[in-house]
Each structure stands twice: as C-alpha cells, then as structure tokens.
Amino acid sequence: MTILDITLFLPLLGFLALLLVPKDRPDASRTMALAVSLLTFVSSLGLIGPYWFRSPQGFQFEQNLSWIAYPPIRYHVGLDGLSLWLVLLTTLLTPICVLVSWKYIEKRVKEYYAWLILLEFGLVGVFLALDMFLFYVFWEISLVPMYFLIGVWGHERRIYAAIKFFLYTFAGSVLMLGAIIYLYNRTGSFDYSGVVAMITSGRLALTWTEQILLFLAFFIAFAIKVPLFPLHTWLPDAHVEAPTAGSVMLASVMLKMGAYGLIRFCVPMFPAASRACSDWIIPLAITGIIYGALVAMVQPNMKKLVAYSSVSHLGFVVLGIFSFTQQGLDGAVYQMLNHGVSTGALFILVGYMYERRHTLEIAGYGGVATPAPWLSSVFLMTTLASIGLPMLNNFVGEYLVLQGAAIANFTWAVFAAIGVILSAVYMLWLYQRLFFGRASEEVSRHMWDLSGREWAAMLPLLVLMVWMGSYTQSFIPPISAQNARILDLSKAGVDFRVDTRTARSAEVARVR
Amino acid sequence: MQANSVPLSWYLLLSAILFALGVAGFIWRRNIITVFMSIELMLNAVNLSFVAFSYQLRQADGHIFSLFVMVVAAAEAAVGLAIILTVFKNRQTLEIDEVESMKY
Amino acid sequence: MSANFNFPLPDEYVRFLPEITLSAAATLVMLLDGVLTERSKRALAWFAMVGLSLAVVACVYAYQFPGTAFNNMIVVDGFATFFRVLVIAVGILTVLCSESYLRGERAGPGQYYALLLYSIVGQCIMASANELIMVFIGLEISSIASYILAGYLRDDRRNNESALKYFLLGSFATAFLLYGIAWIYGVTGFTNLTEIRRTLMTPETAPSISLIGVAAALMFVGFAFKVSAAPFQIWAPDVYQGAPAPVSAFMSAGPKAAAFAVFMRVFLTAFNPIANRWQPFVWGSAILTMVIGNFAALTQTNIKRLLAYSSIAHAGYVMVAIAADSEIGTAAAMFYLAAYALMQVGAFAVVTYFVRQGERYTSVEDLAGLGYKQPTVAAMLTIFLLSLIGVPLTGGFFGKFYIFKAALDSNLIWLTVIGLLNSAVAAYYYLRIIVVMYMHEPGEASATAPPVSPALSLAMWGAAVGTFVLGIFPSALLDFADRSANLVK
Amino acid sequence: MDLIIFLICSVIAVACGINLVLQKHPISAALSLVGVMGSLAVLYLLLGGAFIAAAQIIVYAGAVMVLFIFVIMLLNAGAEPAGRKRSYARLFGPPLLAIFVLLIAYAIQARLPRSEGVQFGRFTGGSPEGIGIKVFTDYLLPFEVVSVLILIAILGAIVLAHKEIR
Amino acid sequence: MNLWLIPIFPLAGATINGLLGRRMSKSAVNVVAIGSVLLSFAWAVKTLLGLGAMEHAYVERYFTWIQSGNLNIGADLMIDRLTAVMLLVVTGIGSLIHIYAVGYMAHEGGYYRFFSYFNLFMFFMLVLVMAANYLLMFVGWEGVGLCSYLLIGFYFLEKFAADAGKKAFIVNRIGDFGFSLATFLIFINFGTLDFGGVFSKAAALTPESGGGTMTLICLLLFLGACGKSAQIPLYVWLPDAMAGPTPVSALIHAATMVTAGVYMVARSAALYRLAPLALDVVAIIGLATAFFAATIGLAQTDIKKVYAYSTVSQLGYMFLAEGAGSFGAGIFHLMTHAFFKALLFLGAGSVIHALGGEQDLRKMGGLRQYAPITMVTLLCASLAISGFPFTSGYFSKDEILAAAYHHAPWMFWLGAITAAMTAFYVFRAFFLAFFGDYRGPHDKHPHESPAVMWIPLGVLAVGSLAAGFVNVPQFLAPVLPAAEEGAGDAWLAYLSVAAGLTGIALAYLFYVARPALADAVAGALGSLYRLVYNKYFVDEIYDAAIVTPVVEGARAVLWRGVDAGLIDGVVNGVGRRSRGIGAVLRLFQAGNIRAYAAWVLLGSVLVILYVGIGGGR
C-alpha cells in the first residue's frame, strides 16, 4: 500500500462517498469534492520524493498484484519521470476545477462532482497503469464521466458533442484493444515492461506488417485523443459545449493521455514502425500546428478559438515525439505540462467571463480591461504564456521541440516555427477584441473583477507559469532521464536514420 | 436388385418432395391454418425419411424418433391451434398477411 | 432384437435431478394455482423462486457425479452444469421481473410460472443432452412453453401476433432441424453425439462429407434460428417486441443460451471432424449477424425492439467465439452468454418496470428524464447499457475482450476487427438511451413512474451486481468455463 | 408388387401435397393432408414400420387432423380471398424451392451409398414389440420426458383458449 | 560582481508598481520607478569601474535554465566592452527618460501601470544586452518586444493604439522567427549557444569552411534584426508605434530597443565575418532602408512620424556600417543616435506638451517665444543628426560613410544624399515648429514644459553635442576590430558635412525664407509627392497582399471548407451513412411471416450449398 495507491484510490473512495451525500445538500457535496481532491493532491505531492535530487532508474512505487488469474491481468502500477508530472497536473487541476465549478454548476450538483472525481480516478490510473489491460480499463473509464460532464452540464449542442466525443474516442480505442490482445496472444502477457523487454531483446520478433499494423492500431487511438490534424474535429465541439471544468480537464489532461500513450507505447514497442511512419506523421503534426493556428485565428467563439489553439499546441508535442531527439522528446513532454497549465488557465478565465456575461461570442465583449483590470491582467499573462513568451512556461517547451525538430530535419523546424508567429496573431487579436477598446454599456455592467475563490483557482497556475518558465531544472531532469531511456528503446532494431548531427557537436554539457 | 423392390432413394426423394411441398405450402398459402398444416406435412416428410433410413439400417431407432415426432406434432397442434384461436378472437381473420402489425 | 434391459442406477437419477426438481416445482405451482385464492396467489412467485433455487442446488449436487445417464441420453459435465445454472438463474431473474408485471396486467400467475419452469426444464435438458432426440425434445419443451408465454396475455394483439410468428416460424425451423437429424441418422446410423463423432472420425466408416454437410446444414438452420443468428434472425425483433416484457427478457436470454449450448455441443463434438466445412460459414454468419443487429438497431425507436436487435448483435459476438472453433472460444462463448444474460435481462427488467399497464410506454423517448425521476433505476439501466457497449469493469466488456482474444488466437484477424468496429457502432444506440434518460427534460412517462416493487429492484440489483462481479472478478467463472470448455472427452 | 404400391401411394401423396399447396380452402387442404398421411402410412408398412403405420393413422389422421378440422369448423374459415398483398416471398420462393429440392435430390442420388431395394417383410424391427422394447429400455428417458411436453401442451391450450382469463 | 543586480532593480520596481501601484501615491510610484533605474545605473557604473580595462569578457554563471541532452542553457550574464557601451546608454538615457516621463505622464491615467511597464522594459533590455548566450538574449529580445507592445497600446481605449501594439508585436514575431531558427542552427553547428563557445569555435573557421550554413545563420539573425530594428521589409511597425506616449517613443523606439538589432549583429560579428554574402545583404538593406525612410520623412506632417522615419533611416545607417564591416562605427552611431534621437523625441514631446497634445506640424509655428529651452535643445539635436561639424552625429556618420566608401563607393554617395535629406526634414520640422507664426487654434496657450522635463532635455543636449568625442570604435576595437581604415579620405568628411549643410539650407529656404516655395515644389512633384506622403502605400500593399488573403483564406477555406465541410462532413457522413444502412436493413423485417419463411428457405439453401454440397466427396 504505497502512497501511489493512496493517490490512485482516494478519488474512487471519494466518488463512492459522494454518492452517499444527500441530493438536497449541494454545498455538502461541493465541500466533500474539494476535500477529496485536495487530499489527493497532497498525497500525490509525496510522489515527488524519489525525484527530489536525482532521477532514479525504472519505476518507483511499483505495485504488482494479481487481479485476474487467467488471462494474467495484473494490478501493476508504477511511476516514472514521464508520468510523475502528469499525475501531479491531474491532481492539481481537479481541486481547481472543483473551485471553478463552485458557482457555475447549480443543477444536479452532487452527480456533477461525483463524475468529476471519478474522472480524476480514471485519469490518474491511465498515467500509472503498467499493465496494458489495466491501461485500457482506465482509458475507457475516463471516457464515461467526461461523456456525462459534457452531455448533462454542457451548452446548447452538448448532446451532439458528447456523443461525438465518445464515439470518436471509443472507435479509436477498440482498435487499440485489438492490438493489446494480439500482443498478448504473441507474448502471453499484458505487462508493459515485460512486453517491451521481449521486443527490444528480440525474443518477440514481429514481422514488418505486424509491427506496422499494431503501431497503427495504437497510434490511431492515441492520435484521435491528441488530437492529430485530420482526427481533431471532435475537439472543438467537445470543448465548446463542455462546462468550464470539463473543458479544463479535457484540454489539460485528457489530450495528454494520447501523447502519453504515444511516448509510452508506440515509440518503445514499435521503434522501427514509428520511425518509418514519422515520415507522414510529422507532416501531419506540422499541418496541425499551422492549420490549427489559422483556424483559431478566425473563430468568433472564445472557447472554439482556444480549442483550435490546442490542436496547434499538441501538434508541437507530436512533432517533438517523432523527431526522436532528446530535446524533442523533453520538449514534447514539457509542452504537455505547459499546455496543461496555460490552456487550462485560459479555459478557466473564459469560464469566468462566461459566468459574468453569459456569452462565448468574442463580439459580446470589448473593453473589459476597464471594469475588470485584474481579470484582464491575469488573462494577459496567460495569453503571453500560451504564445510562448520567454520566462513563461510554453516558451521552454516550444523551444526544445523546435530545437529537436531542427536537429532531426531543419525544414520541419522552419515550418513549425511559423506556428509560433501565428499563435501570437490569434491570441493577441483575441486579447485585443476582448479587453481593449471602450467598454460597452452592458459589458461594464456585467463584468466585475476576480473574486477570492476565482483568485484561489488561478493563482497556482500563474505561479506555475512563471516557475516552469524560469527555473525548469525543478521539472525537466526526471523527464529527461526517462526520455533518454525511451530514446534508447526507440533505437532498438532500427538500422536506419539514427540522427548523426548531434553527435557531430560533441559539446559536453556543463554540470552544476 | 430384383424386379419388385423399390430403391430406397425413391423413398428419400419422395420425402424430399413432400418436405418441399410443405415449405411451398407455408410460403404460398395465406390461411394460417393451412400454413400450419403445411408444417405438419413437412414433419410427415421427415418421418418418412426416418423410417426409410431405419429400414436401410435395420434399426428401430428411426421409428422411435418418428414416434416422438408425432407426439410433438400433436402437442404442437394443440398449442398452435389455441394460439390461432386467440389470434382469430382479436383479429376476426385468418389472413396471415393481416398479422404484421409489428415490422421493421 | 436384443432387449438390453438394465435398471437406471441412482447416480443417473441424480444427474437428472435438476430437471426432476423443476418439473416437480412446476407441477406443484400449476396445481396450487387451482386451489389458492386470488390473494394468496402472490406467493406462487416466491414458491417458484424456491423451486428454482432448489434446482440450482440440484445442479451443483449433480455436478458431483459427472458422467452420462440413461444410456447416454444426457451427460452431466461442466458445460452442462454451467448452462443449467445459467438458464435457471435467468429463470430466477425473470420470475422477479414478472411478479409486479403480472399484477399490473391482472394476469393469473399460476400457469405463467408453471410454464416458465417447464420451459426451463426444457432448456436444462438441452444443456445436458447428449443425444439428438433429447436435444429435439428439450428444444420442443422449451419452445412450446415459450410460444405460450409469448402469447400469455391472450387479449393483447401484440401478444397474439408475437406468439403466432414465434410459433409458426419456430416449428418451421424445427422441421428443418428434424430433417437434418433424420439425415445424420441415416448416414451414420446414430443419433448419439459421441457415436456420431466416432463414426466421422474413423475413416473406414466415415460417410461422404457432403452428406454430413447436408445434415449439418439442415441442423444449422434449426439452431441458428433459435439463437437468432443471421440469416435466420428475422423473427426475433417482432417476437421480442410483441411478447410481454418479462417474457422477452426471458426469451432473449434463457432459450438463447440453451440453444447456444446445444449448438456448441453438436457442432463442436459431433461435427467437429468437419469443422473446416462449417467454420467459414459461421464466420460469415457472425459478421452478418453483428452487422444486421447493430446497424438495424441504430434507427429503432421502440426500446423493446431496439433491445431485440441488440440481442441479435450479441448473438453475433457469440458466433465469433464459435467461429474461433477452439476451447478458448467455447469458454469465451460461455462466459459471454452469462454476462449477456445478466445485462440483457437487467435491461429488460427496467423496461418491464417502465412500460406500465398495457405496455403503454415502449418508445425510447418515453424514458426522457428518468435519470432525475428515478435515479436508481436509471443508474441501473445505465450500467446495463454500458455493459452492453462493453465499457471496462463490466461483464460485457470482459466477455467481448475474451471473445476477441479467442478469435485472434485462431487468427481470425478481420473478424475481430469487424467485431470491434461493430461494438463501436453499437455504442451509438446505447448512448442514445442514456442521452434520453439524463440529457432530456422529464416527460410525463417518467414523471408518472411508480416506485419500484421489491422483487423488481431485487432483480435489477442482482443483475447489476452480477454484471460488475463478472467485470471486476471474472476469474472464478472464467476458470470454470475454461475447465469445462473441452467438450470432446 | 412393392413397386406398384409404392408408385400408387407416392403419386397419391405428391398429388395431395400439391393439392394442399394449391387449394384455397382450408377444409380441402386438410383433407388432402389426410390423404398424404394415409398413403404415407402404407409406405411405412412397406418399410416394416407396422407400429408407426398404425400410429400414423390413429394419432395423425385420427386425432390431429380431426382437431384441425374441428378448429376450421369452429372458426368457419372460408376460402382465402384473392391475395391483395404481393409478397415478394412468392416471387423468389419457387426458384429457391427448386434449388432446395435439387440439392437434396443430388445428395441422395449422387452421394448416398447404393443399397439394395426395399422389400416388404425384409425388416420387421418396427413391430409393436420391437418398438415397445426400445421405448422402455434405450428411450426410457425421452419417453418420460415427453410427458412434460404433453402437459405443457394441455396447460397451454387451457391458458390460451379457456373461457375467462381472470 | 553581482551583475544580476543590474537588471533585478528595474524588475523589482516593475513588480512593486505593478502589484501595489494602484494603492500607492504618485510620488511613491515615482520613487520606486526612477529609484530602481537610477540604482541599476549606479550599479552598472560601479561594476564597469570595478572591471577596469575589460580586455576580455567577464561572465557570471547563476543556474542552468534549460538542460536537455547535450543542450545546456545557463542563466548567465556577461560584460565586455560592447556590453559596457550598451549598458551605459540603456541605463543612462533610460534614467533620464524616466525622469522626463514623470512630468510628461503627470496627467495620464494608469500612471503606475505605465511605470511598471517602463521598468519591466528596462529589465528586459538589460537582460538583452548582458546575456551571455543567444537564448538568454532572445529572452530579453522577446521581452522588450512585449513591453513595446504594452506601451504602444498604453492608450488601449483607442483602437489605433491597440492595433499599433499588436502590429508591432506580430511584425517583431516574424523577426524572432528568424532569430530562433538561427539559434537552432547555431546549436546544431556549434553544440552550444554560449557566446564564448560559439565565437571561439567560429574563430577556427574561415568563410570557405563556414560555407552556406554560416550565411544562412547570419541571414536568419539579420531577419531578426530587421524585425526589431525596423529595417525593410519589416519597418512598417515603427511609425505606427508612435501611438504610444512620447517617452516610450524616445526610450524604446529611438534610443534603446530598436537598436537591439544593431547590437545583436555586432555581437555576432564573429559569425558575420564568416559570411561575406550576409554582410553585403546587411549593408544593402541598411542603405536602402536609410534612403527610403528618409524620402518618406521628407513629407510627413506629424512631428513624431518625421522623427520615427528618421529613426528608421538612422538605423539603416548603422546596419550600413556593420554591413560594410565596420561594426564599431555602427555601435558608435548607435550611441550618438541614442542621445540626439532621444532628445529629438523628448523635445517633440515637450512641444506636444506645450501645445496640449497637438502633433501636426502644420498647426504649430512660432513656438520660439513660448518654449525657448525646448527650442535650443532641439536645435542641438537637429544639428547633431544632420552631422553638423563637431557634434556627435558628425563623428559617427563620418565613420560610417568612410566605411561605406571603402566597402563600395556608390554606397557612400547614396549615404551622402540620405544625409542631406535627413538634415532637410529634421530642420523642416524644426523650422515649422519654432519659426513663422503660431498656426494653431487660438484658444490654446502654448507654454514651456516644467523643469522635470527640460532638465533631462538639457542633459541630453549636452550629450548629443559632446558624445562624439568619445572614440567608441577604438574602445571597441578589441571586441570588434574595425575594417581596414583607408588613409587620406578627409574629403569624404567634407562632402558629408556639405550634404548636411545643404539640407539645412534648403530647409531654411523652403520653410523660413520662402514658405510658398514648399507648396509649389510639392505641387510640381505632384504624384511623386503623394506617393511619398503616403509612405509608398506599403501598409496598404501588405494588407492586400498578405493579411487579408491569410485571414479570409483561413476563414473561408480552412475553417468553413476543410474543417466544417470536409472533415466533419466525412465524420457526420459516416454516421448518416450507417444510419442509412440500418434503415435499409430493417426493411427486410417486413413483419410478414411468409416472407420470413422465405428468408429461412434462402438461408437454408445457402447453408446446404456451402456446407453440404460444396464439400465435394
């Protein structure tokens, strides 16, 4: 019973407890949800322990118990540099989401928080599961609460969005299930590390077709979740229709499930296939970067704009992963966290504005800076973070990704960097249309400045933006160490296109 | 084989033909009772096969089987006709094509 | 003419104990119905429950004495026991569902429960039959009983129609089955499955493949019809839609499971030697069944009919397992049928609760807002639907998982892919129901929903718990299925 | 001799069968069915199924068909009116049926091992004695179980057809 | 040495004012704002004195900022002679402008906000100049861009201000795009981004061995410089940037930020040495910018716009110098320019202040009796920029033209013409503002600015006259060895001076002696005049050629077309199609028993065919 198990199962217990709260006492369920999520966050802080001064090899807090005797499905969970921060991101954002929804959600409060907490359970599980079957279980579990969050508490077209979201993801993941089973039939085990070991050691020799098909089965499931360019259309709908907290969880954590899966499964398990496919994946990613930015630029709806910006940002992540360079991978993972923080914050702020003005149309605002200076300052900072201003978090991620891409192939970097320009275009334009100019009469009547609760929800994120931007050493080392391992794995059995350009510049990094 | 013996296959063919006729009756006739009777015809055809086969095998088992078939047929007849009665009570018709309120 | 006359041993009676118990209980119920007053007839439900529970005990006890009985007429093995218990469990759930329904319809419970129990007797016989004649008789007992049940409310036009269709088409298909039996008897000289198998295995006695094929084909028609596998699924929607809701629940689970049991026993023992002949056809039939079931369900508005189509689709998944033609496949099919029975009967239980007197509310839209008027019931239905979709931690998911695992084991890659995609399609219409329940404003149907009767809620809870147990701790059942999957001794 | 009887009976049977299919009026259909059964009974006799032949006459022609005719009378079902619906079943029914018969026939003719012809008296296992012995030894269980079936039938008939349901 | 204190002071000031400013009194805000800048100025001076000769760079390493694989970026600050010059310019002139701003902004809303942004700018500018590696430099680089965005859009109630800010930021982003790409290449080729490491490695290379990559790097860097320092084709943002308060224009868009590009190119001199081609590009772009901006300046009527274009033009000069290989001269001009251009803007500000916000030259005139001090100081600045002998401008411009002549004589000639034009439009503005009669509305009463404003003017005036005597190029020689100095080219100096004087004379002729002449000439030139007056319609062209197509294309094609139409169309189409299939399939359930029987028959035939007869044997 490690602290990891506690972090994982606290939400589940919280969910069950919430079910017992009487329906007619909304505040009780609110408080309960807040308490549970905060507890979870606190216990999750304990996970940092092993990574405090060093980045240890292998999985920490590993727990490997038998769940189902045959087929051998095990409750196998563990933590490494890759999942560490993602788990913390989840546990941090959940209480924030609870706070954000405090006033926003009035109907069916109890159910709402129950789903939210259950969602946390699923998400944390996804990042911790080391048994592929278990992974799939959590993957699907996280689907259901989000489906209800969107479908019940969403906006006008919520039902369409909810079903679209569910079917899109489900359709992708069933293929992954098939692949998992196939791997099991070949290896007789669902254990992630075991299978990877077999593949790298060559004890499990997959034919080229097998590898490609399996890779695709996994990849499509993840690519839909990420979402990669042509598979992204569920995202805007889901984001726009979801309630604030839903959008936050969706953008900040659920999208990362896809990217996480790419790094965790696709690359190490099918190195050759990944490298071969990167020839068309990377163009898609870059298309996504530019395309997402351009489409975001012309959105009349705030949430949709942010949603498309996510498509653009996640394009960077995919680009970084499939550049197969240390910098690229580190950047990708870091960018996942950054996007989680900054886009999460953006959605929260948009939610605040919606609570006041009750419209998501950008045209409905303008001149907000006058009645709500602090809101606008916070929004400005978040905007700057998300357009990758140095000393704020996104910059580091984007820089590393682009550097990695440039090492792999300079042309990619050139095109991807256009996305950085465009991000400034659409975000600043949005900011100008929302906050600058003279406030119209009803804007100044409806918009008021941040309340204490709203501050409480935003402050951690703002702090993180600066921290992650200015002192990355507190975050990157575990990631780097883990990525280095993954990079080695990804070279297994690959006799082609291992990048030589970094080798030429044999500058030994300064150690302090 | 001597003059006045009949090839077994003829019996089987006969049974096949009768079976087919039963099917035909089921498909062509529109009166529920007639349709039901065509089923009986099919069962009879089957019985013929049973008996014929058991002649060839020199076993009585086929006969037993057809005996049971008869019993079952009788039971079915009772139940089936009861059902037909209820249908008629509610619909005042034996047109089989009238009984298709539930479709698609 | 040899009269090898030997008295049956006590063990043989023990092996037949469940059927005996059930028939006894059934007869008692029937007789009690005559003597009891209207008020006290309520008790019959619980009486039937007792009978069924005893039968379960009998099954377990009989399992202590595995082997054949009455000159190879029946065989008691894991497989048989599994399905016996399964159909009896379905019976229990059905009784629980029916109790309040019958009261609502003011229909006499006596004969109803008697018929139900008899029909279960038939299914138990099917489950343990080792001889085509037993198969035939068991099938007929089960079917005839359910014909009557389907038309039980004889003043209801839908009931009549359903009964008539079921009856006519059922006996039509049975005729094919019989014809097939006649053929197999003719070409092998046996009606005993083990004997048939032996004959086919030994080259010198083995008759022409195509003759066996014809026989197998004709029997396939009969069985496929009973399990509502394409292209013989056509009757199912009409019948399930028309029959009384609890009966539909029963028919979509019990007889189907029993029919699958026979199907597997016949085709995996007797016709195993010619598996390479029928396996591809099962393959095609599986795909067709899944596709028809799922796609046709997409546009259904009547919830009973929708569930009927979904039951067709699920039969398709089981066919996938059979197409795998392996012990794992058999085990998968067994497990899946158990899980399926729970979730399907559960879903129908909710329908039973909801339709009200005269089955007024059968449209999906009528469920609008149920999630807020009757949260528990809605939650139950949600659980069953999620399980039908195949969301993890539910029996439905694990069953699917296990089936596709088996299919991949036998390298049926495309079948698996199609099946997986089908389950994605299926998600749509199940989700629609959830949408209506939680995301639409309550309509008068759900506004006027009465409180749930204890028996019914017991059924729902039972099914729900079972669904979760099969999803979270499948090991016990799975091990049993695996151990008893090798039909070929 | 056998041949002649067979030919006669089979011709009658087929003729009656066809008649069953063609007749619009249930009564005549029923009568033709009786005809089929009768001729079949003779054939059973030829095949050495004395008991079955008897049972055929008593049970089928005697009991079952009487029941049928009784019901027909009860519901005084008239000739079916000219078909209003053009069911597509009637359209692609015939070819299917033809194929079906041909398949079976082919199987019988081409695949079934030749065996010597049927002659009356060659096989007498179907005598009441033989049947009796079989039924009470090998087929004891089904014989018992069938009672359940009949019980159900009675019960069902009562449930569905008796006067008042409540 | 605690170099980090130098940037930290302004940062602290910015934070304090930003968070608490609203509750603080104006004077408190002033103390914080000015105090912090003065402190960093003082600390800078102390440090430089402490460092003494600075024969080679002095680096302080603080912590690893980014570490990934063999990529290691430290938060390191360094000081060498080049930095020293910039440091003094930034902090010194910065402090003066801060003081001036106290007076100028006295009556503006968002006072604390202004100063917090202002301090923040100082912080980023200092990071930019003191950074010890390219990425940290990039931090400052983007940071100053941000502050310029905020300060240009300071009057965010006005749409044009907000637009100008956005334009500035985005155009800068285009430059930064080049800069960042350059850093990637630098890391790929040198394995580090530290100036020390890069330049020592670069020293080992020759133009031949450097090859195309070096050229590419330098061009990309220069793209960045173009964005920041408003060179063709990215100069368009600077004139609009005048929408910000005048002190901003003085500090950011004249003295410091816009020169960052010049500084960066000079900093990368070691790389440019390896890329002669890139150097030529720099020179040509610089010269072209200088010339065209000057022509535009000739016809502007908004005083700040005039000076803005002159800034662009002067920056062009600096790049010309660097392109000609004489980086020292570039920096030299940067310094002198910082003085006189800051002065010009502050003077203009004081004029505007005197006229209560009037910026249009045509509505000025005759201010010499109302604002004498302003006039005197402005005169000094104007003389300096026109290269009047022995003013600062004279020396630096002389250096540049000399270098240009040695690089390619035609550049010199063009430069000289530009010098003439510069002199002309500067003095045109001067005469229009201070001579003739007051042409503005008479309800307004022009008045001299308060001491807090004119004292900085005075200091700067002295600077712009005297700064030329500091021989910067020589001081910088260790860092930036100047291009070979050809002897006996005194006549070049005379010529440039002559050009300047001609310009002044013409201006006097047109706007004092014979005012009518100006309009006559303008009329005579007709369309040419209009072309220049409208800045060659460059903004309009950019809008029509780039902005509109991109935006509309994104809306119509990508969003409506591809996203909603194509992709979602396919997705929903799949849904609709499968429902259609379902609708067809259910039709087979015709409900007719006989039809069903037919299906069964069909099925059985199929089965028999396949399983049975198909079996053969």
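Should a chain be cited, it is by its letter among A, B, C, D and E, assigned in written order, with residues numbered from 1 in that chain.
Note that a residue touches a chain if its C-beta (ideal position, glycine included) is under 8 Å from a C-beta of that chain, and two chains touch if they have at least 3 such contacts.
These numbers come from a predicted model, not from an experiment.
Contact with chain D and chain E alike is made by B, C.
Listed here as common contacts of chain B and chain C: D, E. Comparing the chain pairs B-D and A-C, the larger number of C-beta pairs in contact belongs to B-D. Comparing the centres of all chains, each the average of its CA atoms, the largest separation from chain D belongs to E. With centres taken as mean C-alpha coordinates, the chain found closest to the middle of all protein C-alpha atoms is A. Averaging Cα atoms per chain gives one point for each, and the point farthest from that of chain C is the centre of E.
For the pair chain C and chain E, the distance between C-alpha centroids works out to 78 Å. Distance between chain centres (mean CA atoms), chain B to chain E: 97 Å. Chain centres here are Cα averages; for chain C and chain D they lie 30 Å apart. Annotation: 36 Å between the Cα-based centres of chain A and chain E. Shown for chain B are the residues that touch two or more other chains, namely 12, 19, 22-23, 26-28, 30, 35-36, 52, 54, 56, 59, 61, 64, 68, 72, 75-76, 79, 82-84, 86, 97, 99-103. Residues of chain A in contact with at least two other chains: 167. Contact of a single residue of chain D with at least two other chains is seen at positions 85, 87, 89-90, 93, 97, 100, 103-104, 107, 112, 125, 130, 138-139, 142, 146, 149, 152-153, 156, 159-160. All chain pairs that touch, listed by label, are A-C, A-E, B-C, B-D, B-E, C-D, C-E, D-E. Considering their complex, residues 164, 167-168, 230, 232-234, 236, 291, 294-295, 297-299, 325-327, 330-331, 367, 369-370, 373, 384, 389-391, 395-396, 399-400, 402-403, 406-407, 410, 413-414, 417-418, 420-421, 424-425, 428-429, 432, 435-438, 470-473, 476-477, 480, 484, 501-502, 504-510, 512 of chain A touch chain E.
Against chain E, in their complex, chain B makes its touches with residues 23, 26-28, 30, 35, 96-97, 99-104.
Listing the residues of chain C that touch chain D in their complex gives 1, 3-6, 8, 16, 19, 23, 27, 30, 69-71, 73-74, 106-108, 111, 114-115, 118, 121-122, 125, 133-134, 137-138, 140-141, 144-145, 147-148, 151-152, 154-155, 187, 207-208, 210-211, 214.
Of all the residues in chain E, the ones that touch chain C in their complex are 575, 578-579, 581-583, 585-586, 588-589, 591, 593, 596-597, 599-600, 602-604, 606-608, 610-617. Chain E contributes residues 22, 61, 63-72, 74, 135, 138-139, 142-143, 146, 149, 153, 156-157, 159, 162-163, 166, 169-170, 173-174, 176-177, 180-181, 183-185, 187-192, 197, 550-551, 553-555, 558-559, 562-563, 567-568, 571, 575 to its touches with chain A in the complex.
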